[in-house]
Amino acid sequence: MILCKVIGKVVCTRKDEKLVGGKLQLVIPVDCETLKETGKTQVAIDTVGAGEGDIVLVVGGSSARLTPLTKTSPVDSAIIAIIDTIEANGKLTYSTGR
Amino acid sequence: MILCKVIGKVVCTRKDEKLVGGKLQLVIPVDCETLKETGKTQVAIDTVGAGEGDIVLVVGGSSARLTPLTKTSPVDSAIIAIIDTIEANGKLTYSTGR
Amino acid sequence: MILCKVIGKVVCTRKDEKLVGGKLQLVIPVDCETLKETGKTQVAIDTVGAGEGDIVLVVGGSSARLTPLTKTSPVDSAIIAIIDTIEANGKLTYSTGR
Amino acid sequence: MILCKVIGKVVCTRKDEKLVGGKLQLVIPVDCETLKETGKTQVAIDTVGAGEGDIVLVVGGSSARLTPLTKTSPVDSAIIAIIDTIEANGKLTYSTGR
Amino acid sequence: MILCKVIGKVVCTRKDEKLVGGKLQLVIPVDCETLKETGKTQVAIDTVGAGEGDIVLVVGGSSARLTPLTKTSPVDSAIIAIIDTIEANGKLTYSTGR
């Protein structure tokens, strides 16, 4: 899984019927210490109610279909958790304060 | 999933029998803000009737087989939606006007 | 899927028993407009009788096992079509004349 | 599989229900000779009780679900072994002394 | 599949129970013409008895589990053949003399 930041969303009306119901978020990979962007944007289906700006855990490949929402959907990327804290190299590098 | 632009197609007569019936589109990844090309062209099977120039959602890997059209096909890339709007970093960066 | 050119082959006698019967071709990704090489060589099992120099469609991952020849084989790359024509950005960039 | 070093962890309370119970470690790919970092950090579920600083074996994709702990979980990366020794190019490049 | 050279091995005693029995080889991708290293080292389970220095065929992803040895193992990379000869761009670029 990779750490990503939610930066937006896409909307589409002409789509595979199994995509109905899930929000399609734009996410970008971030560094675990600086939280700076480190990769290319992708589109992930949101299974946990994440919002813009949240740091989230994104799973890829067939495992993106192992959630109740995505079981039979043609998706290869899903947000499966909202991160509360990150500890990297002995430091707390991110915390939502929860 | 990734955002791509449809830029052409390929035709082949000598092919796996399960490829019959699906249109093989050439797609190239694009940036979610500028819509400039950001990666290499790939060939995706079209499941939603996309046309050249459309911004589409492309799913990869085994999940490309989770559509009615591709269930048992040897495909690892499928167009599963045509994008209407993209919102990234607080701006509307793309809209078809639908 | 990606467009590749067949550039050679490998032979091996000590191998998994399910690899018997399929030809192992060397393929290299090519650009859809210039047909110049754009990536690293890989080894793909040939399911359609491609020959050296042919431009072919290569499928990767578990989907490479969705052909009659490869159903239970430990392969992650298969040639599933021989390309007749490529149209990219409004131009015919490749044609076998078939 | 790839060799990684454990460099931290993430905590999340809002997550897919199947993620409960597994520790989410931050791991970074390392070189087999120098043990220097060679890639980007990822998040892997720990199935063997690894600790910070350990050199571990990380499996990706659907195979990350082939452990007793992860069988039905939406995970694409798992720590499946703690490395005792590495031999590369004729030299012992790493040893825990076990 | 990719062509790799076997350059060493790793040993681990604390590991997933299904990893017992398979040798974990260090392999590095090589060029099909020069046999020079072209990528990063990975760890592959050996299913054919390869030795250090051998040029081998490595399969990745779920297909690495399609051998008798790896059927239910959490592995994403397996050596499935030892290469005898490579022909690339009209030349014999490698031969074991078998």
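By letter and in written order, the chains are A, B, C, D and E; residue numbering begins at 1 in each of them.
Rule of thumb we're sticking to: a residue touches a chain if its C-beta (ideal position, glycine included) is under 8 Å from a C-beta of that chain, and two chains touch if they have at least 3 such contacts.
Quick caveat: nothing in here was measured; it's all calculated off a predicted structure.
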In steps of 5 degrees, what rotation angle do you get fitting chain B onto chain C on the CA atoms? 70
Could you give the separation in Å between the centres of chain A and chain D, each centre being the mean of its C-alpha atoms? 20
With centres defined as the mean C-alpha position, give me the chain B-chain E separation in Å. 33
Would you please write down the residue numbers of chain D that are in contact with two or more other chains? 61-62, 64-65
By the touch definition, the chains form a closed loop. What is the full order round it when you set off from chain D toward chain E? D, E, C, B, A
Complex contacts: residues of chain D adjacent to chain A: 7-16, 18-19, 24, 26, 40-44, 52, 61-62, 64-65, 72-77
Please output the residues of chain C touching chain B within their complex, sorted ascending. 1-3, 29, 31-32, 38-39, 47-49, 57, 59-67, 78, 80-90, 98
